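Given below, in the form of structure tokens, are the structures.
Same chain, two partners: subunit A is paired with subunit B first, then with subunit C.
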Partner chain A sequence: MTLAIDIVLSGLVLGGMYALFALGLTLQYGVARILNLSYGEFLIGAAFGTFHLYVGMSVSPILGLLVLLPLSFVLNWLFYQVVLIPLVRRAKDQGMLEVDSILATFGVLFVIQGVMTLTFGGQLHSYSYLSVPVTILGATLAANRLLAMLVAVLIGGGLYLLLTRTRTGTAVRAVSVNPMAAQLSGIDVRSVSALAFAAGGAIVAAGGVLVSMFLTFSAAMGVVFTMKALIVVIMGGVGNMLGALVAGLMLGVAETAVARLVDPGLTLAVTYALFLAALLWRPTGLLGRTTL
Partner chain B sequence: MTRVAYLFAGVVVLILLAAFPLVASGYYLALAISLVYFTVLATAWALFSGPTHYITLCTAAFFGIGAYTAAVLAEVLPWAVILVVAALLAIAVALVVGLSTLRLSGIYFVIFTFGLSEMIRQLVAWYEVNIHGSVGRYIFIETTQQGIYWRLLALAVVVFAVGWLIGRSRLGLALRVIGADETVARHAGIDTTRAKLALFAVSSCFMALTGAIMAPRWTYIDPAISFNSLISFEVVIMALLGGAGVLWGPLVGAVPLVLLFEVLTANFPNHFSILLGLIFIVIVYFLPNGVAGLLEQRIPRLRAGIAGRMSKIGEKLVRHIWSKPAARTRQAFDATPVLTMSGLRKSFGGLVAADDVAFETRRGEILGLIGPNGSGKTTVLNLISGSLRPDKGDIRLNGVPLVGLPAHRIAQLGVARTFQLVRVLGSLSCVENVIAGLAFRSPALWGAEAVRAARALIERVDLTEKADVPAAQLTYIDQKRLELARALAIDPVILLLDEWLAGLNPKELEDGIAVIRRLRDEGVTIIMVEHMMDAIRSLCDRCVVMNAGRKIAEGPPSAVLADREVVHAYLGEGDA
Partner chain C sequence: MNTRRAALFRTIALAVAAIWGISTAVQAQDTIKIGWAISKTGPFAAGANVTTLPNYQVWVKDVNDAGGIKVGGKKMKLQVIEYDDRSNSEEMIKAVERLATQDKVDFILPPWSTGLNLAAAPVFHRLGYPQLAVTANTNDAVKFTSRWPGLSFWLGLPSELVDGLLETLTKLQKEGKIGKKIAMVAVGDQFGIEQSKAARAGLTKAGFDLAYDKSYPFGSQDLQPVVKDAMATKPDAFVAFSYPPDTFGLTAASQVVGFNPKVFFVGVGTAFPAFKGKFGAAAEGIMGIGASDPNLEGIKWYIQHHKQIIGREPDRWASPITYASLQVLQQAIERVGKIDRPAIIKEINAGSFDTIIGKVKLEKGLNRNFWAVGQWQGGNYVGIAPASKQGAGAPMVPKPAWK
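Right after this comes the complex of A and B.
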């Protein structure tokens, strides 16, 4: 029984992280129409940043967040403006942009991964921050996981409010529904797309900071996180924030269950099993396709 | 040069390549092995991803499956059986990936392939540690570098032969049409899922065979070596550099890149992945169609056209891997009515686009389907042609029920359509566009017959002078003519025209009306959705009027256009 509660609690925390990653990806893919295969590299980059800030300079991860989140925002904004805009310009239709952006970001993935391996080495990294046990419903959870969860909820909730309550948020949602019509109503689609892409990058960096507090990571692990984020986005339905939350939590719990009960080395297989089920059962997403 | 001369040159080159290990060994032979094995992988990759633009990111998964199969079975089974098992395993995995993703949009496929090799690596590693009891394995297959080289060379010959045959078969054309416009492909009678699945399986099979042949080279193998995602990446780079659209493209890309990678790994082992990524980005930006694309642009003669390359033998050999020819029921051909619909309903969420629609079309008539914008006309055409599936109701063509059939089956049964926003296959010439309609109907036309029939159809819609021009270069009216010719190519029992006359200037409109009238005189049954009242008056025998998803009137044009409810629907209360 304690094991079950333990699995569910840890699973929900992990799943909350996945939902957060998916949220950022949905901004990049659903609004800027870029399928960014190098997405997870920014997560790992932020994790390394946190590691070195904390271990090297004793800057706490939460303070690190204040540095790394804006930094990733700027980097991703530049990434969109410099690297991706030429592709957006030359694309004759959305299909062509999709193929081109997949290829370009696939290349970027290897560049960033190479740079990180060179700078930080290929071995696994972890550090200990707030790893005091907290007991909830008879199960023990590390305080860092609770803190990560809390911050993720704040970021997700904040983003939701920004998207639904502000003028800019409305513009972002408009572009996600129909870029052409958004342009015709006077929205600068290119700058909104750049903004959404950058915001997605900021969110994944936040995710990287948060998971680094309780998971070990290495320079090669970005791909796995990208994969999980992509699958959560698809399971939830592209552009559907609530769907992403539900799908993320499902994945988190399922993965934790398999990791605890079978083998921690099989988490990606769980991801694929869920993906397969989603494809066969509800290819438009758990809650159907809606937009941001 | 004649064909015999080409063949002779090919054989000479092959003999020279096969003789290479007799003069070289050690480092140079190892390099030659790398060249051949990457050429096979990149060519196999481009077989599927080239024409369809479905990017496969999991070459390493299939390569690893092959390598691991060889490692596990080396001591138990003879070599030939190992190859068969590797191929079958790859086909099985390809079918799982393909069946779950290829019927959906391309993005699901790409995502699925993106993590696939990592997932299989995890599974294999788990199996090895927990069940087999050690991470890696030693491979005891008695073979030499020469042996590996010759096997790879033989595999390369096979992959090129298969690619050559596919390029000359209906399957090759099917994939090119799918790559250009999947919707058009379905309505031209192409079973798109089956075509994609077949070629993905063939391509995966070659990757696995390469892995199985390469396995002995390592002597020690573990999941991380065999499922190395760098291979997936290198293969995509090579295929794209050379140009994935033509058979020889990947070869052109593989040769310089294998040599370059050799230099890079030797001199910058730690920077390899960075340099690889940068090279790739440069290719994506500056050579999007590869060297082959660049050459084709400069020398149009090189353009890989379909018309001159259709081969009956190629088609016969390749047909078995995908196509099940559909027989069209001809016996009830004189039935009147040709098409009957009853109780058709289709809703999108809360919006009911078609509500209890029922009407029939008589043989040889032109039926006008009219009504204000948003009244459900195009929805009805989509229901008939199988783009959409009705929630309720029945559609029969000469008594054969159409509901539930996939679009390509409905097209093969003789339902042809044009699209509201004209859809031509821009990268293909006019003749090739029409051949796309001829090659997948039943009975299908192929080879010289198809070219002849295509030219005749092009003449029928007055496009003769532009027959060999790429469709993208046509004017709007000419694109509409071409789309009509492609629809006629499937020898339709019934032709659905969705605002085919819209957007034409008065002169073009006159020509367009003449073309349709001629079709009717030739006995084609037509349903046309149209807003041009003059055209409806002069062409239609009968009209069905729709409003808000329902049929509100039916009868001769003069009568329905005078109907109070119809006038009301078009002009509103005050003018009725």
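Right after this comes the complex of A and C.
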């Protein structure tokens, strides 16, 4: 019984981190229709920001959130307005925009990576913050990972409420479902997309800040997070906040269960098995619409 | 606006003048051209930027500050040509070929990692360059050095590194300091599999009880499940053949769940400055792969010197050896007295050299002056195995409680 509780709680904490990676991407991909391959670089960027604020200036990562979140919001908004708008303008349909945005953000990935390597060096970075045990129902968890999960739930839940309860949220959802129809009903698709893209950027910065507390990172590691986020987004259903949250948590629990009960060597295999199963039986995602 | 433009113009003019000045200075003076292809981007960048590239930079600066390398009565400064291999073996080979055929460099410094060095070995050999492959580590080393005489290995064979650990554990067990129960984990790639295979055989032969023996995939983002299961077997020693991100992850997870066996051994990355930076006083008593002797004058000087130039401490295992390998190259060039690569290769293999890690004399292309196991003791990373080696510290067992 204690093992079961331990597995579920540790799994939820790991899954919370995965969900956090994915929430921002699902906004960027689901609403702004930009499959942002440089997504993980923004995460690493925020992690570097936190590292230098904490190690260099003793600013706690929690306070770092207050600085880096708005900063990333603004940067991503500018990124959308300057780099991506020309692609949006010239795209004849969604497919073309997707291909163009993949190519463009693939390039941006290298630019950001290069700038970070140049500024911070290529070596591994790591620091200790809130690396203390918290015991819940007999299961020992790391406080920093628990915090990351709570923030993920908070952001996921908050976004869900924003999207379903506010006027802007309704507009965002409308753009996500059908940009053409949204435009016809008087929604400014471009500014709503920019908003969603920037919000996604703010969320990924939150992910970077929190992840930097317990993962060792380097300038070259962004793509790892992009991949994980992409898996979770597709499993959860593109543009679906709750779906990303559920898929992330599910992956976390499945990986932990396999590591504890079967063999830690099979955690990657279970991730991709679940991903494959989701693609085969629920190609629009766990909570995705059945028709698009 | 006008003043700004003027300022900008001045800056450009200055820059042009400076570059022109440098290039004319270079032409006027005889130089040794040194080239390297190193992973500045991609997954290998993290390792290359800790162990290899900073040492190349420090060495070049040291040589040039001293007026150059003495070649037959004339001091020749180093001129560097650098390429990024993007952590890709094809890119690396292209860059090495280019360095040799187009840039016509006099020496090529090796890339980072076992994989890239083994991929580069036939090319270095065909082009006739010495390859002091410090970051390569393979049990087939002797086979390769007899095939490619310019190639040399520096860290000790993987099996010898495992032997060092076995020697430490066996001795501790005989002294009654630890029991027989071992928990072992390994990263699921070539390094982890080879090392754990050798360790498994050795531990079983020495009569140890392997209570936990699992591997985990490279890049695992949560190692707490592994640590918890290892902890549940209540081992006397925890042994992990891990890579840098997981070395940090395993240690952090153990600290959180309070897993504090008498011997705590983790793999590559334990000797990194970032490890000390992250765990601080909590690193006390943690053992890891490889080491250097912090009491050697050369190492003391080197750590300070590296910190001064690069802005951070070097890693305590392969970094000093990398620097020492460059000292060997430099001394071999000076002894031969001309840029005669076959003769220099011969001298590297046959000569005896004084370096920051002490005396270096290759045997069959292998450096024998290496440490297998180190341990953090009082903020220093001390070599503890082989225990017969001069300067070996006594292992601190049991490991003190996490701080």
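Quick note on the criterion: the second predicted complex is superposed on the first by the 259 of 292 C-alpha atoms of A that agree within 3 Å, B and C clash if a C-alpha of one lies under 4 Å from a C-alpha of the other, contacts with A are read in each partner's own complex, and residues count from 1 in each chain.
FYI, contacts are C-beta pairs under 8 Å (C-beta built on N, C-alpha and C of every residue); 3 or more make two chains touch, one makes a residue touch a chain.
These numbers come from a predicted model, not from an experiment.
Of the two partner chains placed by the overlay, subunit B and subunit C both lie in contact with A:265. Touch criterion met: A:283 reaches subunit B, while subunit C stays clear of it. Judged by the touch definition given at the top, the superposed model places A:48 against neither subunit B nor subunit C. When the shared chain is aligned, subunit C comes close enough to touch A:256, but subunit B does not.
Residue contacts after overlaying the shared chain place A:131 against subunit C, while subunit B stays out of touching range.
Shared-chain residue A:77: touches no atom of subunit B or subunit C. In the superposed pair of complexes, A:107 makes contact with subunit B only, with no contact to subunit C.
Legend: residue contacts after superposition of the two complexes on their common chain; A:275 is shown touching subunit B, with no touch to subunit C. By the document's definition of touching, of the two partners only subunit B reaches A:230; subunit C does not. Counting contacts as defined above, subunit A residues 110, 113-114, 117, 224, 263, 265, 267-268 meet subunit B in one complex and subunit C in the other.
The part of subunit C that touches subunit A in the complex is made up of residues 39-43, 45-46, 48-50, 53, 87, 185, 188, 214-217, 219-222, 224-226, 228-229, 244-245, 248-249, 252-253, 255-258, 269, 272, 274-275, 277-280, 282, 312.
If you check the complex, the residues on subunit A that touch subunit C are 6-7, 10, 13-14, 17, 55, 110, 113-114, 117, 121-128, 131-133, 140-142, 145, 214-216, 218-221, 224, 228, 252, 255-256, 259-260, 263-265, 267-268. Contact residues on subunit B toward subunit A in their complex (touch as defined above): 53, 55, 57, 96, 100-101, 104, 106-108, 110-112, 114-116, 118-119, 122-123, 125-126, 129-130, 229, 233, 236, 240, 270-278, 280-281, 284-285, 288.
By the touch criterion given at the top, residues 35, 37, 83, 86-87, 90, 95, 98-100, 102-104, 106-115, 117-118, 223-224, 226-227, 230-231, 234, 263, 265-269, 271-272, 275-276, 279-280, 283 of subunit A touch subunit B in their complex.
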